[in-house]
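I've put the structures underneath this note.
Both complexes shown next keep chain A, but they swap its partner, so chain B is in the first and chain C is in the second.
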Partner chain A sequence: MSQSHVAQTAPNRAPLYFGMMAVLIIAVGFLQSWNSALFILNMGLISAIMALGVNLQWGFAGLFNVGVMGFVALGGLAVVLISTSPVGEAWQAGGLRVLFGLAIGVATIVGGIVFWAMLRGNKYRALFIAAWLIAGFFIFRAVFDPAVAAIEAVNPAISGNLGGLGLPVLIAWPVGGLFAAGAAWLVAKTALGLRSDYLAIATLGIAEIIIAVLKNEDWLGRGVKNVIGLPRPVPYEIDLQQSEWFIGLMQSIGANPVTASSIFVKLCYAGLFFAVIIILITAMQLALNSPWGRMMRAIRDNEVSSEAMGKNVTGRHLQIFVLGAAICGLAGAMMTTLDGQLTPSSYQPLRFTFLVWVMVIVGGSGNNWGAVLGGLFIWFLWVEVEPIGRFIAEVITSGMADTSALKAVILERTVYVRPLTMGLVLLFVLRFNPRGLLPER
Partner chain B sequence: MSAQLEISNLHKRFGGLVAVKSVSFDLKPGEVVGLLGPNGSGKTTVMNMISGALPCDGGSVRVGGKDVTALKPHKVSKHGVARTFQLVRPLPTLTVGENVLLSVAYSRKPKWGRAAQAIVDEKLEFVGLAGRGDEKVTNLNYIDQKRMEMARALAAEPEILLLDEWLAGLNPSELRIGIDLVQHLQGQGMTILLVEHIMEAVRALCSRCIVMSAGEKIAEGPSAEVLQDPVVIKAYLGDDHA
Partner chain C sequence: MDILNALVAFTNFVIVPGTAYGAQLALGALGVTLIYGILRFSNFAHGDTMAFGTMFVVLITAAMKSIGISFGPLPTALLALPFAILCTMALVLITDRAVYRFYRKVKAAPVMLVIVSMGVMFVMNGAVRMIVGTDDRRFADGERFLITARDFKTMTGLSEGLAIRTTQVITVVTAVVVVAALFWFLNKTRTGKSMRAYSDNEDLALLSGINPERVVTVTWLIVAALATIAGTLYGLDKSFKPFIYMQLLLPIFASAIVGGLGSPLGAIAGGFVIAFSEVTLTYAFKKVITYLGPDGWAPDGLVQLLSTDYKFAVSFAILIIVLLFKPTGLFKGKSV
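Then we have the complex of A and B:
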């Protein structure tokens, strides 16, 4: 009886909403171009994966991660470090010295932790640790700085970094996940088990640190000089345009090979992204309906009684936080692969943390399908409201004189349509569907 | 015989308030002991420290001879301690059966699939919720939620059971059933610490009682004697009745 009641109040709207999403994207294809439609679809799928990661942490464990941007950026770094070719000259100039310097840095910190524990009760403990850390820092800089300078001096216009391993770029995707997982593990080890706001502060901080490192450590990923022309897992347009089978195929369906080649490449990406998202969502749905998922829901419901039933709340939180971050890292690697470049200055919290949160909340936190829907829908709006806003503004102002101050003001303001729309969507969804478009259950 | 549960000099402060002041007592295996005291005397706090839900500010808790004082609740539960809560704490997004199942999976003696389901059904039947495993917890009334919590505690197959006012709020016939249930557990040799205000239940179940007042243990001994102790009567009813 109770169950039928619940079923009546919450019909499954997922097919309807996903259908509407498909219609929107197809409409873009007809009204604008298929290239635009596929661009929206591809980034939408990547956004959906980021939303899945955040949803795992927030929707299923109540962990507040406001450092999505950092984990996404680490995935991007993985693409550079895995797929670009190593710069032999730079390695000779200072590769091993840089690694040695980093090892000294790590040894300083680990030594500090070990000595701190060993010297318990010693009244000179603080003094000794301070001296140890300061000495370690100076030795680290003495080894590290010249090595970095040597590497960055190697052909700075095109490299100035160590390069990568020269492996296939698809390997960078799981590695991006691993990088993010490692950073998440460090954050979680320090901040989990404390009050939950500490986790928020720690993630906020680590994200900014990661971006700062990416921007400033040129030897690693060329910093703000960017890495461009990253290898692809799919064919290049130019190769397609010159290959006989492609030209033949396009002629037989009467398409322009140049436009078609770019659509073909985007379709290849879309296929890859679909594969990843299907694997992820299948794995997550299976996990969440397994005893493990039941335990996670129990912990989110009530930590005290779950603990009393023998559930290691901090341990499970650590696990799910690391997993969620790994998914964000994976998405970050996919995004950098799609872009074909790593541009550290493009990582903005508004775009990579706030927007992903809007996706999760609008989609319906706690529901994986909701996260995917939110990712696609919010990304669609993010891309489309600006041209729509500009179009509307132009229509409104079309009758005004070009010298009209009002016209200038209106046209100038169209850039604010994007954040304004995000705010409005969030408000409307929270007002009329407080648990998101696809609520948890 | 060595003690199953041994607490000594337990201390707890909440800011300036000393909620528990060097409280010590032992439970022998198979004993059912009442922990009594007026409201706010620190009974729940003692239970929270035994189960690890609150860290102790001093003293120690030993379970079956092993020190569990500094352990987190999930570790304490693996030493065979299970509890119910004074204010029920169901897991609202799980069904009644899943609430109980959770105690079996990933527990001290984990079981999965059919074996786990069998235990769930057995415990639900034991507490009088047979066949209601698929209902939503939020549909259960308060008494049934308490029953569910008992089933959940028992499903972990504990050796020590901490019951915090588990019988409170029952009507006379339900109380009778509740007392029978605890007696049944007693017959199976379960060690039980029972916080209770209902004297009828205390007399029926507890051979021995410990009485707390304002964070301190003021009396301990056979129930009949303790309940007549003028110090205890005074603590409960004020000076006039002593």
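Then we have the complex of A and C:
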């Protein structure tokens, strides 16, 4: 975090870079298809929101969060729990019992913490707490396990879970943020105030655990059986293709209703995502230019002196960590809504944690517009590097026979050019332009 | 009530696999802890360095087999190991010269180096997948078992078998040899002592004329060897799958932190603590309890405390408990 005074004189390059980004996406529209272009745009916008969350934590508070994947996945879970319809039979089979079991689990942990504090000075404290926790664990399992078995036995082929609340899917977005905020609060309570590396490892761990829960707790979100066909906040293509006004509109501009319907749906999503980004950026810019934001940067740049000025450093860190995670959760809920399905096995740390870090660093940590630009640009690269790599591989292998095993192997493995390129981009930016495309002012 | 059989079952399913896994984690954690002690950052690329080293072993083993070299009852991979270590050393040194050295020169904050190691992780990750793909590869050959369950039963007349795989024995023996050599090096040789001095107090070490670049180079060489050996032992014991090596990062870091970052002895202790907790908590104790209970009685369920899918939760929980009560780890590591 070396400060240079050169940046003061540099012109604001944001409009130029965003213009170039728009040109890139439009070029995809002309060269490949408008569907691909809008796909890149929509996921790019979601990535930009994830990058905003990480940028809040890292760029404005210097907190090292490598558990983005977990918070994103929690957002996805929120979509299932809010928008799918409840499975009445499963609730009867063991819904309340599961909740009761979970309550026992929470009570065990909370009781352990309370007793630990109450029994200070008692020499049997450790023994008592251990006995309490072990007893609580077995009672929890005794209540919880049969209920889970009962729920998962209900129609395992199509449900086997409790379902959700059947509310509109847009409500799931803020709820996803709340879920992630809750998890982040737990992590931050334990690991903040310790060394920065410890927070990193703690977030890495919590992310893996969240994914493990999503994969294995079938009663919650069907686990690896996936939840598909989640409700949408926008119209369905098939409905559009059958509605009079849409067909009429498309005929008047001379477009094919089938392709146009899918583009129209993607445009609706894009509109929603733009609205979210504008709200978020406005709120963040206001907050960061307020006394609160200045305090945050003061803490980041010198914790000791801020503490001496009477600022509660750990408390502020907790606040900003939870906020950043909530933004990641929101993005996760939006992504699951866009996909229309929750597939726990698709959450990979490389894609959902470390790639977001590349976005923040490349875009310019400490600058919200930089995070958005980084999100769009890195997502664009992530998608487009593969066809480019494939093209190069095809040129290289064009002389080989089609039956050649080597050719098949080369073509198959060009997908992995993605992580390689991302790593190189990150390393080059860190080395030659560590403040990113749009540096913090 | 049959204590002997219960003990054998427990040894077979918990102690033997736990020891082998613990040795693998310990070697991995030693690499992380050495980097932390000397270069002062958490190396996120360590899991992928292990994958890279193991990949060299897999490729060299295949080449050796194709020209008919084998190691008799032992896996050919052991013959390939020294060559693979040399390759990994070259790779790691090139990475250091091309990437990390710059940040040492500008005296970048440690967290900067962590982010840089994330970039290195991406590159290595992609490179390994491009070179060997993502398939599951078994490259262990030679004798599969030292003692099979059946031999053990006929030998002792017990109804419960105890199987010890060759790879498990190799893991433990290699780990002991490597750790002994490492501690001899750190405590007895001049270079090793200068490494420890540099780790304890950089300024003082520089004042007494220790060449920092030399210390760093030697550290990378040792780490490359440790990572290759750890990765190969893990791969021999289970199988080589690049994806798994990235997941190993969490238990390895947990081991290093539980033991105390920067403390080699702590890394070994941490490795075994994590491994045994993971294996014990995810083992289904039904068999053992059936032997221990009254005759003709068996517990209803599997008596498994946690499903194996939650094994990461175990390393995480231990990590949190240690951090809460002993923030510098069991063996007083350093805190930056």
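Before moving on, here are some points about what is shown:
Here is the rule we go by: the second predicted complex is superposed on the first by the 422 of 441 C-alpha atoms of A that agree within 3 Å, B and C clash if a C-alpha of one lies under 4 Å from a C-alpha of the other, contacts with A are read in each partner's own complex, and residues count from 1 in each chain.
Just so we're on the same page, a residue touches a chain if its C-beta (ideal position, glycine included) is under 8 Å from a C-beta of that chain, and two chains touch if they have at least 3 such contacts.
Predicted model, so just to flag it, every value in this text is computed and none were measured.
In the overlay built on the shared chain, the residue A:S345 is in contact with neither chain B nor chain C.
Using the contact criterion defined above for the overlaid structures, shared-chain residue A:Y416 touches chain C, although it does not reach chain B. Once the two complexes are laid over each other on the shared chain, residue contacts for A:P291 go to chain B alone; chain C is not touched.
Once the two complexes are overlaid on the shared chain, A:W357 sits against chain C while remaining clear of chain B. Within the superposed three-chain model, A:D301 lies in touch with chain B and out of touch with chain C [touch as defined at top]. Measured by the number of chain A residues touched, the leading partner among chain B and chain C is C. Contacts of A:M309 after superposition: chain B is touched, whereas chain C is not reached.
Contacts of chain A with chain B, set against its contacts with chain C after fitting on chain A, overlap at residues 2.
Those residues of chain A whose C-beta lies close enough to touch chain C in the complex are 1-2, 62, 64, 66, 137, 145, 190-191, 194-198, 200-202, 204-206, 208-209, 212, 215-216, 349-350, 354, 357-358, 361, 409, 412-414, 416-424, 426-427, 430-431, 434. Of all the residues in chain A, the ones that touch chain B in their complex are 2-3, 6, 291, 294-295, 297-298, 300-302, 304-314, 440-441.
Chain C contributes residues 42, 44, 99, 102, 106, 109, 111-112, 114-116, 118-127, 129-130, 133, 246-247, 249-250, 253-254, 257, 261, 301, 305, 307, 309-310, 312-313, 315-316, 319-320, 323-324, 327, 335-336 to its touches with chain A in the complex.
Residues of chain B touching chain A in their complex: 51-53, 72-74, 77-78, 82-83, 85, 89-94, 98-99, 101-103, 105-108, 112, 134-136, 139, 152, 156.
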